[in-house]
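Per-chain residue numbering starts at 1, and chain names A, B, C, D, E, F, G and H are given in the order in which the chains are listed.
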Amino acid sequence: SRSGFAEVIFCSGKSDKHMLEIFGRLYEDEGEVLGTRASEEQYELIRKEYPEAEYDPISRIIKIEKDNKKRVGKIAVCSAGTADIPVAEEAAQVAEYFGSNVERIYDVGVSGIHRLLGTMDRINGANCVVAVAGMEGALASVIGGLVDVPVIAVPTSVGYGANMNGLSALLTMINSCANGITVVNIDNGYGAGYVATQINRLGVRK
Amino acid sequence: SRSGFAEVIFCSGKSDKHMLEIFGRLYEDEGEVLGTRASEEQYELIRKEYPEAEYDPISRIIKIEKDNKKRVGKIAVCSAGTADIPVAEEAAQVAEYFGSNVERIYDVGVSGIHRLLGTMDRINGANCVVAVAGMEGALASVIGGLVDVPVIAVPTSVGYGANMNGLSALLTMINSCANGITVVNIDNGYGAGYVATQINRLGVRK
Amino acid sequence: SRSGFAEVIFCSGKSDKHMLEIFGRLYEDEGEVLGTRASEEQYELIRKEYPEAEYDPISRIIKIEKDNKKRVGKIAVCSAGTADIPVAEEAAQVAEYFGSNVERIYDVGVSGIHRLLGTMDRINGANCVVAVAGMEGALASVIGGLVDVPVIAVPTSVGYGANMNGLSALLTMINSCANGITVVNIDNGYGAGYVATQINRLGVRK
Amino acid sequence: SRSGFAEVIFCSGKSDKHMLEIFGRLYEDEGEVLGTRASEEQYELIRKEYPEAEYDPISRIIKIEKDNKKRVGKIAVCSAGTADIPVAEEAAQVAEYFGSNVERIYDVGVSGIHRLLGTMDRINGANCVVAVAGMEGALASVIGGLVDVPVIAVPTSVGYGANMNGLSALLTMINSCANGITVVNIDNGYGAGYVATQINRLGVRK
Amino acid sequence: SRSGFAEVIFCSGKSDKHMLEIFGRLYEDEGEVLGTRASEEQYELIRKEYPEAEYDPISRIIKIEKDNKKRVGKIAVCSAGTADIPVAEEAAQVAEYFGSNVERIYDVGVSGIHRLLGTMDRINGANCVVAVAGMEGALASVIGGLVDVPVIAVPTSVGYGANMNGLSALLTMINSCANGITVVNIDNGYGAGYVATQINRLGVRK
Amino acid sequence: SRSGFAEVIFCSGKSDKHMLEIFGRLYEDEGEVLGTRASEEQYELIRKEYPEAEYDPISRIIKIEKDNKKRVGKIAVCSAGTADIPVAEEAAQVAEYFGSNVERIYDVGVSGIHRLLGTMDRINGANCVVAVAGMEGALASVIGGLVDVPVIAVPTSVGYGANMNGLSALLTMINSCANGITVVNIDNGYGAGYVATQINRLGVRK
Amino acid sequence: SRSGFAEVIFCSGKSDKHMLEIFGRLYEDEGEVLGTRASEEQYELIRKEYPEAEYDPISRIIKIEKDNKKRVGKIAVCSAGTADIPVAEEAAQVAEYFGSNVERIYDVGVSGIHRLLGTMDRINGANCVVAVAGMEGALASVIGGLVDVPVIAVPTSVGYGANMNGLSALLTMINSCANGITVVNIDNGYGAGYVATQINRLGVRK
Amino acid sequence: SRSGFAEVIFCSGKSDKHMLEIFGRLYEDEGEVLGTRASEEQYELIRKEYPEAEYDPISRIIKIEKDNKKRVGKIAVCSAGTADIPVAEEAAQVAEYFGSNVERIYDVGVSGIHRLLGTMDRINGANCVVAVAGMEGALASVIGGLVDVPVIAVPTSVGYGANMNGLSALLTMINSCANGITVVNIDNGYGAGYVATQINRLGVRK
């Protein structure tokens, strides 16, 4: 496509008919296809028609991907708690689909700061970092202070009570006192993977 | 007093007449007196009558304190940015007035995590930590993961935009994933100094 | 563990596989294990493997606890309405698991103030009080005025309409005019039991 | 007037010209007149024309009242902190102006419950109670549990931080678990005095 | 009971065991019993033990009421839309159970003002009016301007979108510019029926 | 202009230099010019250069208008309280400037419904109605039920406490159960006058 | 009917009995009938009695419409994403039922601005435009800048996370800087179709 | 500095003493210095000591910048209304100070879409776009659909009423349906200029 990014399907809420049609059309156009927020039921539906489709119940991504795709550069995807992994995986797999190398660094919440610090050598060298966290959402600020590249902060709806379904983490991240932090919508792993790839490509271009 | 805590004046909004009267009465009763949220004007008013009164324009505390008061135990008061210092000082000075030793550890925001880590030897040994932070308010979580004593989190109204006058920091702290964190009202240095002293006394009793 | 507190499982949302694995690992490491927010289904799952596991449908705590554990000090856990008991029990059982003696004082909401006053002899002597209340959440303030030890306030999501799932009670408690009140997240009995134990231990140490 | 209640002027924001005109017209119509939320400046303006006008800087009420007005029944006006007194006085003076006997019971906040209990003999016998409180706003619930008559709860904007200018107290009161509580707008002493008088009159009619 | 009001059961969320126990105890104590927010399932449960129990699926009230109870005075219960009737009926039936005569005036929303005006002769003579409305909640203000007795406003969660589950109607009612309006929680028909009865009794006493 | 609507200046916040420049340019282009939200100071500034400029301190509109402008059709501008008049006048004068006849119907708040009903003959015949109200904002719903033409609802920031600076009135109006209501921003008299003129012109075209 | 608009049924939440009764009554009165927010179940219910009833699962409209109804003028109904189509169809079909010609222009979200611009010839000539959008809700502003007729903005609950069930889109639209925009409730296609028809009729009258 | 970004002073709220001290220190360290949110008074203070300091009253930036600094790459800074220019200039001047070429494209709000489209040739070629907008904040989405590079969205507090001091624009931008959008805090031109420079450098590196 013109932008260098294939269209991706947001599966949630799509009717079976619409789902099959759009999945087929994109597969035909691009030779590969990826959908986010797909349910098990939608996967069953698709794989009847396309047995080569794969489904990951964690990230809820359904896809048929070309073999031997070349990946460039490096994006670090960090996440705070195990419950944040589905969103982190959405970001990671979307970035990989768009051709980025991804380093996954999970379970590095700020209440165990030494664990995070112990992973800095894996974060360093990335052209950009995706920081995924719910609850108090402080991960982005700490990472922002440790790296010199842009940090894409992804608040998650993980938590309960006054987490207000992720709004609390979103506000935390928007108010970050660290330099280089920008924020996407709650649980929006896809959006983070997309913009991280845009930035990653700039870092490798030429 | 019965609770072992002298009454403290919340000066903001008090009329001159009321201010003088209550300041005088408490001074007489206790032989010392402390007021928070005092303006320069209120200080001028008081010191005409009580030249021995002291005023700190940072914490906005006005007081006459007994000489040679013994202090016990240890409370660490940590703060994130320089703009959070007024609230941190309110907490620290209130705790000292109530008889606690206070270790001040300022300017240790989470976007410079190594600065905070470099102060751990001064934080260790405290019976409780007061963590003061505005904006993203993540300081409490990081400290909570580093110490084994209770952390009193004080959100501040420092910041702008989506900080919503401190509500964002409050939510961050309430949603902390670290163990041992409890929260007081926005900018409530006094409340933190009070409860920190209650805990500190438990730690030294006997 | 280093902190003197065993790790606890937050069961809600964990997959069966993850649940079994982490339950087993902690049991092995510590010789005992406790999980909060466990469903009946998760209990069925666990007890197939570990018939010695116990489940309390009120607090939704699942655990295997060592025999003859010594408990120290005293924490009073007070709650307002009968619907608040699940959260109060989460706090109480967590505190007991961590080695605190707990005095339960339930159904002492502020709209029946004499009932609460009639229990003061059981509250007195505690090193700290946990006050659990939904709806108007006023219990913490009243108790705060009656005791000289820290009060951990736990707002609950009990109520309807403008209770906003507990946010109203949380705000009430954060704005308390009583001294010595600090607040944890809505329905966070676990967090209250944890910090209450930290404080209780300070009161008995030595 | 038809409703048995004279019109009252809401002075705040009124231009000088409008203020003088409406004050004069009501005085003429009723032989007496009362305005709420009046500034010192508005009082200066009025008393040039009407030297018999009185002004109370606490309640910010300006009025000319008929001599020898008969008052009936009894309303108890209770308030929590000293900063709530302006709103309590607006309620009390409005109720008196409308012909009710008022018992003032101030400084009976719930964090000092025994002070409140010590005033019950003065509250008893009232046809209705006005409960004025900011911050955590718990006063209404406690009183609601102690009396058998309607309690009009008036949240105030007193407090800071998460009090959200009175919204927190309003939510507390709306969620009260005590029977017989109804709520008016933040700082709306006038409205409470009005409806309390309606109820009081029902209690004395005949 | 001391207050002249029998205790009422809030059935929602009660376990079967608790439900049967409390229903039985109150029936025994008072010779009659009433529960609000009861489900069909709870009714089935109760009537196996107490075949004389009645259930109204609209108001979701379950009760056994004494024969020949005398009712006094008059309360008008007005509601805006048909979807508000369940809340209105909760108010009306609770008030009747507590011994008040109730005049029901439903479907008089403010967008059809002449229908409301056509019912004024039935509203007049009431000692107090209960105004039940969701969506824009304007009914209370209009009625408040038409009657001289207290108006208890009950916001409902009826509506969608920006009604925010009743918060919008609650705010409308709290901000009413009409005199004599006080407000209870969203959908709290019970609370309105209770306080309306308190007021009604004052109007008929002696 | 292409749209048939001259550009209007939003004066608030404009620097003196910018103000003079844009006022001059529009005057030159159109032979007339109108600015909203103008301060007295801005008027002083303008009239030094343009002594023919007029200023209305109520609506805060500054303008130089062509003589003998023809006005068409009819818009009814209704407002609830006297404090809502500035916004109503902004709407009315903007609509007149854009060439509409305007019928002003002020002080017809819903708590005095008969006053509103007494003006229906003046409202009837309008191609559209502008309903301006703060506090509970119920005016739009009542009018919506009485007329068959579109009602443009303008919430105002008039009120205090839980009016949340007009948000409460905005929500009331958005949730209106009457047909034919649409809403503009809080205090946006200009916007209402503009769209009312668009509608009015449709009604007279040809 | 007097207003020239037949009554429409809001089916959601209606009991079967109520549904059948009101459907039948309106059919009889008007010779046609339309219900919004109808479920498949409600359709099954209705068509047993009225086999001529039609149901559209997208808009969730159930109706029996007269043959050969004349339609006048033109309304353009534009929508941003495919998920907004149900709301757009509710608006479109309601407008058609009320006798307007409707031009549907779907899938013209602002992130693909050239698609929208390519449809301007179909939008031009409309007497009014309905702009339906969730998420960021910017469609109304862009269209408002392109047309000279009123734009009715309909925020939808489409989206996730910080869309707050449509409140975000509603605020976007209320704050639009384009002239001629007014807003209805979230997902209120019906309301938009109604007022668009009122405006459309003005444009064609005579 | 290690990060390749000199420290910048956030002047707002700093005391004169602190301001002079930090300004001097940074000037000495870096040979140049920049402060944001500086008042005229702070400028007067600084230039007494450092007459070479420059101040821009629009962006409120005070600085002493090295001569002949080389700038690389290209950032497009776009803004919607004239009132958004101060924030846009903060972003632009910070980016320039950090060594980026900046193309300014102001007054391209979405209600005049053709103006924006007419500037695309100046936007194209940028490594990243900063989109500054208040009120409905739709600018970022439209630009996001037109370019293939990251768009940093900056909501501003420009507007009134339901703009909620910029929160409305922030929510709009966070919910953007366009790809490649990330968001910083309300009015945070500095943060946008910083991260845009990080991205711009990636695009030119090598």
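The working rule: a residue touches a chain if its C-beta (ideal position, glycine included) is under 8 Å from a C-beta of that chain, and two chains touch if they have at least 3 such contacts.
Computed from a predicted structure; not experimentally measured.
Chemist: Greatest Cα-centroid separation from chain H: which chain?
Modeler: Of all the other chains, the one whose centre lies farthest from chain H is E.
Chemist: Which option, B-C, D-F or A-B, should count as the same interface as G-H once over half of the contact pairs match?
Modeler: A-B
Chemist: Taking each chain's centre as the mean of its CA atoms, how far is chain B from chain D in angstrom?
Modeler: About 36 Å separates the centre of chain B from that of chain D.
Chemist: Take the average of all CA coordinates in chain C, do the same for chain G, and state the distance between these two points in whole angstrom.
Modeler: Comparing mean C-alpha positions, chain G is 50 Å from chain C.
Chemist: Please report how many Å separate the Cα centroid of chain E from that of chain F, as a whole number.
Modeler: Spacing between the chain centres: roughly 41 Å.
Chemist: Hey, what residues on chain D touch two or more of the other chains?
Modeler: Expected reply: 161-164, 167, 170, 174-175, 179, 185.
Chemist: What is the complete set of touching chain pairs?
Modeler: A-B, A-C, A-G, A-H, B-C, B-D, B-H, C-D, C-E, D-E, D-F, E-F, E-G, F-G, F-H, G-H
Chemist: Can you name the residues of chain C that touch chain B in the complex?
Modeler: Listed in rising order, the residues of chain C that touch chain B are 2-5, 127, 148-150, 152, 170, 174-175, 179-185, 191, 194-195, 198-199, 202-203, 205-206.
Chemist: In the complex, go through chain H and note every residue touching chain G.
Modeler: 80-81, 109-113, 117, 135-138, 141-142, 144-146, 159, 161-164, 167-169, 171-179
Chemist: Going by the contact rule at the top, pick out the chain G residues touching chain E in the complex.
Modeler: It is residues 13, 18, 155, 157, 165-167, 170, 185-188 of chain G that touch chain E.
Chemist: Which stretch or stretches of chain D touch chain B in the complex?
Modeler: It comes out as residues 82-83, 160-164.
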